[in-house]
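Quick one: the structure is below, and I'll ask about it shortly.
Each chain gets a letter, A, B and C, in the order it is written, and its residues are counted from 1.
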Amino acid sequence: MDNAAPLGKDLLGIKELKRDDILQILETASAFKEVLERDIKKVPTLRGKTMVNLFFEPSTRTRMSFELAGKRLSMDVINVSIQLSSVVKGETLLDTIRTMEAYGADIVVIRHSSSGVPHLLAGNVNASVINAGDGFNEHPTQALLDLFTIRRMKGRLEGLEVAIVGDIAHSRVARSNIYAMGKLGMNIRLVGPPTLIPAGIETLPGVKVFHRMEDGLAGADVVMQLRVQKERQDSWFFPTISEYAKLYILNSKRLALAKDDAIVMHPGPINRGIEISSDVADGTRSMILDQVANGLAVRMAVLYLLSGARA
Amino acid sequence: MDNAAPLGKDLLGIKELKRDDILQILETASAFKEVLERDIKKVPTLRGKTMVNLFFEPSTRTRMSFELAGKRLSMDVINVSIQLSSVVKGETLLDTIRTMEAYGADIVVIRHSSSGVPHLLAGNVNASVINAGDGFNEHPTQALLDLFTIRRMKGRLEGLEVAIVGDIAHSRVARSNIYAMGKLGMNIRLVGPPTLIPAGIETLPGVKVFHRMEDGLAGADVVMQLRVQKERQDSWFFPTISEYAKLYILNSKRLALAKDDAIVMHPGPINRGIEISSDVADGTRSMILDQVANGLAVRMAVLYLLSGARA
Amino acid sequence: MDNAAPLGKDLLGIKELKRDDILQILETASAFKEVLERDIKKVPTLRGKTMVNLFFEPSTRTRMSFELAGKRLSMDVINVSIQLSSVVKGETLLDTIRTMEAYGADIVVIRHSSSGVPHLLAGNVNASVINAGDGFNEHPTQALLDLFTIRRMKGRLEGLEVAIVGDIAHSRVARSNIYAMGKLGMNIRLVGPPTLIPAGIETLPGVKVFHRMEDGLAGADVVMQLRVQKERQDSWFFPTISEYAKLYILNSKRLALAKDDAIVMHPGPINRGIEISSDVADGTRSMILDQVANGLAVRMAVLYLLSGARA
């Protein structure tokens, strides 16, 4: 898995990207952001190219975002949703993606509940593979759209103080952001109970760990709340959700501890009253819907750049 | 929910439309009907615009009709089917549609099992909302395609005698048609057992109630049979389906009571032998497949007019 | 069901085709194969035409292949997946497809678990019907892509020795290939245990039956392994899968019995270690991914030719 080349064939994780790769994607996304503000939000750039959305985990939002990004570049988009039960062996996964490639798929967007599946597949096909979330590992386009959103609002990235609050240990969104922000010289405060923060993570570039929200938020430029995975509660490392909410919900009182112009982020979908209060979610400093909109521009940029690398 | 403007941002129900709004949609649909009779049934009118089909109830036919209407106007169409279980709070529904809007959806077509959901959502987004059926409330595009079909066959609407037969109380198709036909000066005969007809409905403009089918059909220009919702039978207000069928099925003997040139309508899918006999369903006076085909033209008209209102 | 005309309205089975029909499809597919090797794999040939993929059995691969074939011809493609439970009567099936036709579907691709359903429907609509697999009867586009693949590799069809190995009795792929290869003067060796080979099948043109794999493979030009339907094992006519695999798996030792330049085929998805060993499946003589890729060209050809017959 050599991804050293400037945005090579695949986008598997932020870990494999260089600082300049990230900046190139953000610049390209700015150009596509302008396309999305036009009346006709569509360009013929990738006409005749095919994207397959290969989702082994259900996802409405990420699938829709990639589908729309592809369609706005005039790609043909095929959605394939596969129940885990029908794919039991690594060999079969390889056969599945090789079949997609045989159909002429130029880009395969893959989401899977097991970490590393996109990397395994990418090494075995000529099609470009984009990781749309793999287990607890990475969700690189989410981190890229988060950076894009922050830069648009703050005008810069380096030196910003970003608090990421919640279940850091089981969040691929957090992991991808930690890698990305470290490479860009941002200061990362991971905030959560000890059971939800991986031991030793403070050795990564730019990372500090906080257990009290008040400490983590003081003077922050950005507060990024993670989603509480209520559906995984049986295996959760915290007594109850209401107790968690009491300690880690972002409400307006707590937000007041951050900088006056601090922005609020969340990868969605939000749990109102659990990790974020409604007044903050709907407030003027909330970037939640901007993140969604920017996700389209960022994914168009990734599709465009990977296609260029293949041409 | 002020929808007084001539075909404003949304199409939520016939109740909110004025007579002229309805006529404008029917005129526009006539123009699109010609497009659909061409060899290449497609126009670039709404290229670069995005429609999201957001269905909280399963539906093959209505979803397909909107999807095709959008594609024939060159829209990008995204289908989203959401199980009710995953959306439990009104707030979450709002977040869902705001997310669709953030993706750049110009038009959101929504079907939901609860009455009033499209209205609630429409008031909170800038995207156009089209009600594709909400609970027992309305299904406005069905009524519009019914009117379009009647006018094409009869050359007029005002003064026609229309019998609507079946479970009036639980039919959003019936409700939308009753509103529409009342505004257009049509005479509406609601036919069904007392338990399936809402008390007091005869106070609405143009409405008369009949319990014997023979009385309701005598001299009718149009006979519209409603679908028996067999899947809701446990909560049904009638002893058995076979007893219902004996009293209210439309067969050729009963159809002979209507005018000689009376037409037969049904919103589909039909239950042969329950609310309609096969010889009538497949007979020359049956408009059932014409209704399906006209639905495309009517939905294209609605998409076009709402887009114009937004431009 | 009169399909005597040269590639008439429908493609229901190979049985109904003449030798020249088959050759015409293969020639046309060669032209589309060139399109698929271009950078922009798309032609405007069927712009404004509509294909409905009507699948009563789940299928990812065949659905995707038809969907992509349609999109590369610039068709509008609608996917409809219907659970068998919701369609219980033949009448209702007819109503379903008549509704598709009323929406303006030019071509309906249908897969159904009951033999003969596509034929029944085709006789009752003006839209073209393509059989994408009906029960144990036929899967004609699979046989056509198999022939296309063989001819590309061997330069001819007539006189070739083809071994088809596995559950012949319950394979629509085998049936369609037996009809096709018989019409084209190929020599067909059906290989499998007696319980999985229909009695009397050796009376068909070109067919010989073998029970020992070694006998069936000796001197073959083509070895086509059928998929073991593990999901149907409860009704299977063989003691255990592992015993079956021991007798009928294609491994490199057995492949050595065939001609030196023999090719290996499989309709997919493959069961590694059951009907085919991994070294053979991934070897240089394996055509499995070529079959997938060729399937697109063949299905584009079928869509194109049927549309021409309708124009």
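The working rule: contacts are C-beta pairs under 8 Å (C-beta built on N, C-alpha and C of every residue); 3 or more make two chains touch, one makes a residue touch a chain.
In this text, all values refer to a predicted model and were calculated from it rather than measured experimentally.
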item: Rotation, 0 to 180 degrees and nearest 5, that superposes chain A on copy chain C via CA atoms; value: 120
item: Copies chain B and chain A - interface residue numbers shared by over half, same or different; value: different
item: Interchain centroid distance [CA atoms averaged], chain A/chain B, Å; value: 41
item: Of all residues in chain C, the ones touching two or more other chains; value: none
item: List of chain A residues in touch with chain C within their complex; value: 47-50, 52, 76, 78, 80, 82, 89, 91-92, 95-96, 98-99, 101-104, 311
item: Touching residues (chain side chain B, partner chain C) in the complex; value: 36, 38-42, 60-61, 64-65, 67-68, 71-72, 268-270, 272, 278, 289-290, 292-293, 296
